[in-house]
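Below are two complexes that have chain A in common, paired first with chain B and then with chain C.
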Partner chain A sequence: MKASIYKNRLVTISSILTLFLVWSMAAAVVGKEIILPSPLVTLTQLYHLLTSGGFWTHLGATLSRGLLGFGLSFLAGLFFGLLSGLHSAFKSFFHLWLTVIRSTPSMALILLALIWFESDAVTLFVTFLVVFPLITQNVTEGLAQIDPRLKEMARLYRVRFPTILYRMYLPAILPYLATAAAAGLGLTWKVMIAAEVLAYPRWGIGARMDTARTYLQTPEVFAWTIVVITISLFFDRILNALIRKQLLYWE
Partner chain B sequence: MNQMEFALSGITKSYGPVQVLAGLSLTVQTNSIVAFLGPSGCGKTTLLSIIAGLKAPDQGQVAGVDDKPISYLFQEPRLLDWLTVAENLAFVLKDHIPRSALSERIDYYLEQMEIAVHRNSYPRRLSGGQRQRVAIARALAYPSRLLLMDEPFKSLDLSLKWALMTRFLQLWTADPRTVILVTHDPKEALLLADEVYVLSPKPALIKSHHVINLPRPERKPTALPLLQLEQQITAELIRD
Partner chain C sequence: MWKKTFITGCLILILVVASPLLTANKAGETPINVMVLSGTTGLSLVKLLEEQPQIAPGVTFNYTVIKSPDQMSAKIIAGEADIAAVPTNLASILYNRGIPVQLAAITNWGVMYVVGRDATITTWADLKGKEIGVTGKGSTPDLLFRYFLQANGIDPERDVQIRYYASPAELAQLVIADKVHLATLPEPWVTEALSRNAALRVLLDYQKEWARLEKRDVSYPQSALVVKTQLAVEKKAAVRAFLQAAAASSAWVVENPSAAGVLAEKHLSISSTAATAAIPRCNLRFDETHQVQPEIGYFLEKLYSFQPQSIGGKLPDEGFYLQK
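Up next, the complex of A and B:
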């Protein structure tokens, strides 16, 4: 067991090293910082960003928008997912809406939102429309998987709805909810940055990336990208740790 | 004692072209144990579902069940995997029992079913027989007027089966209710029931009806009158 963990670490480390090596070599071949900055230049730029005044404000703005957007989508998705899962009429009613929303390119959503709203609202609106259907559909799917014999048992013993909801439905859909949350949060950061690039809010990582691109400061674009990747990985890790702890504890 | 709990009159039920119940009529006395014996697939479970109101008969009526509270012991335990044994009992009890009495009641019935040591275990950790005992404890702990049991002792080994049947009778004597027992085991029916109905294979009709007058304390698996009746019923069942 220990040996295999050690081996896995070794593989991970060599994978990271290889990535940096390939990146360095590519940067050396291209030879132009403006096209492809080297890892060293990018990391130096990252250091400058971290020590500059605005960094934490931009980071905080993107983080709070992302978490707010995700939180709203999650709650709304849970609510509408439960409605659709428990009443087939709701399911049929929402099915078309969800399909249309999911089939709409996020860029189209962003462009329309830009026409309708101010920049802060654009990012929230777009994140919501991308993440909300995902949560809703997973919750509905989770409820459909509950053994009908258990539902029959609860009905026979005249268990009241709140008890059924908290003790049967919610625990049963937890694995589906967790999968949806992990996928949804990952999507949140991707969509949020895209929306910020176009909506250009005063504070936000996406807006900084677009400014850097305009002034051809490619190292800064790279540095911000690393920040976004770190955010995404960080929340993915947290969520995974929570899931591992909470999920399927009864197995 | 001789008060009617409920009555079935002319109950028929078909699934597509297959008729499973062909006009059953009978009355069940309050606080009696009535067993239905019959070959597998003869429609015994369908009969229980109709009494419980889970299924509607094609024709005929169930009178007297109305909205009486029912405990239903299914063929499989039907426990929630994510709740502990005690929480599984609490799941069905908490809306019907005062909170202050809940824990004591759960412990009492788990002890009676000799499964109290597992009160904080999750069902997946238990054996099939242990899970079934939890389901029996749940059915008995539930404050019901009617207890419907579908092959409740099926998955248990012989000595445990005997021990739990004895325990079941003690609990029933202390807190009597009307019990409908469905089984394919004549011995089980004769040890527990006041009346035994033998059903024919599909479509089910009442083939014979036996009233067991032997007092329960005298009913041992080896008691002569029971053995004679058992032989008679077994012969009826084999003939089909």
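Up next, the complex of A and C:
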């Protein structure tokens, strides 16, 4: 056990080292910071960002916007997912809508939102439309997995609805909800940054990335990208930990 | 069957690979690639785009019209553009980032205006308390706008609501549709907006405000031509001849707005009526760098004081300016 953990660590470390090595070599070959900055230049830039004023405001703005967008999508997805999972009429009714929304390119959503709303609303709107269908469909699917005989039994024994919800439906949808939440949160950051780049809110990582691009500060674009990757990984970890705890509890 | 397909495939491949070689060899040597932006920077060179004259013996000039400044910087960084029209501050950024280009000429002296329907706005101080659309956060138009506000006792953060938009094209559409009531726009979008919404007026003029505040006879050098350093050295005569032809084209455009408008519609996708009406507001004046170097230096210093990164973090050294 211990040996295998050690071995895993070794693989991870060598993976990171290889990444940096390939990156450094590519940067050396290209030889232009404006096209591909080296890891060293990028990390120095990242340090400057972290210590500069405004960094935390931009980070906070993107984080709060992302979490708000994700939270709204999650709640709405849970609600509509339960509705369509419990009543097949709702499911058929929403099916077309969800398929249309999911098939719309997120760039098209952003472009339309730019015409309709102001910048802060654009980012929320787009995140919602991307993440909400994902959650809804997963919840619906989770409910579809419940054994019909179990449902029949609950009906025959006149089990009260809250109990059914808590004891039967929730355990059924939880694994699906967990997968959807992880995928949805990952998508949230990607879509949020794309929307911020185009919508240009006063504060936000995407807006800073665009300014850096305007000034051809490629190292800064790289540094912000690292910040976004870190955010994404951080929340992925937290979510995973939460899910593991919750699933254990249910089992 | 397969054999035939294979042979056809090979032939197509050979053609595709060889075709650039064929065109390049036609003139006997590599042509000089001139790239202009489809806006007012292209406007002054429109006569060259139309006539494609033989400027220097044995040298061919290829002209390309590029849609956005982003694509233009990509072409310059990749070394595909030999002579390119860019905003003056972008030229400085490129030079400071180690891209071997030199500033050869200034093509226009400011094309920025504040447009809206509220005729009570006659001075910059009247903007207090208003909401106004601006394009390109951190771009020259944005930096100058904030500077003019401050110079007129208005705090850009508190006393006005600045909303940012991605491009002048987008902002102009919103202004025409009355969704944005006040906006800073460059030509030819000013004319585009005025011609499609009769209630709109040109309220304020960046160029006049700059001249007034800075106590200068001229406005600020907004757009420029850059030349690849290597080309400027190796084909000095051809570059010089090109700059003279470009100056002649610019002068012709100013004197013949209606004829130039027709050419603009053909080459730059601006409608001819809009282009003709826009030309007087474009402040086209072609000056080679050595004629106006103090003005350029002054402008860059000013931009540096607003936001150092807007010119690439430092003032460019003497090597930036193409000498006679």
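By definition in this document, the second predicted complex is superposed on the first by the 247 of 251 C-alpha atoms of A that agree within 3 Å, B and C clash if a C-alpha of one lies under 4 Å from a C-alpha of the other, contacts with A are read in each partner's own complex, and residues count from 1 in each chain.
Here is the rule we go by: a contact is a pair of C-beta atoms (placed from the backbone, for glycine too) under 8 Å apart; a residue touches a chain by one contact, two chains touch by 3 or more.
In this text the structure is predicted, and so the values were computed from the model without any measurement.
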Report task. State whether A:153 touches chain B only (first), chain C only (second), both chains, or neither. Result -> first
Query raised in the report: After lining up the shared chain so the two structures overlap, which partner does A:17 touch, if you call chain B first and chain C second: first, second, both or neither?
Result: neither
Query raised in the report: After lining up the shared chain so the two structures overlap, which partner does A:163 touch, if you call chain B first and chain C second: first, second, both or neither?
Result: first
Query - Touching partner for A:198 - first (chain B), second (chain C), both, neither - result: second
Requested in this report: Kindly classify A:100 by the partners it touches after superposition: chain B alone (first), chain C alone (second), both, or neither?
Outcome: neither
Requested in this report: Quick one: classify A:171 as touching chain B (first), chain C (second), both or neither.
Outcome: first
Query raised in the report: Okay, in this complex, where on chain C does chain A touch?
Result: 70, 73, 77, 90, 93-94, 97-99, 136-139, 163-166, 170, 309-310, 312
Query - Residues of chain B defined as touching chain A within the complex - result: 52, 54, 69-72, 74, 76, 78, 80-83, 87, 91-92, 94-96, 122-124, 142
Query - Complex contact set, residues of chain A against chain C - result: 32-35, 114, 118-119, 198, 200, 207, 210-211, 213-217
Query raised in the report: Touching chain B in the complex: which residues of chain A?
Result: 149-150, 152-154, 156-160, 163, 167-168, 171-172, 174, 249-251
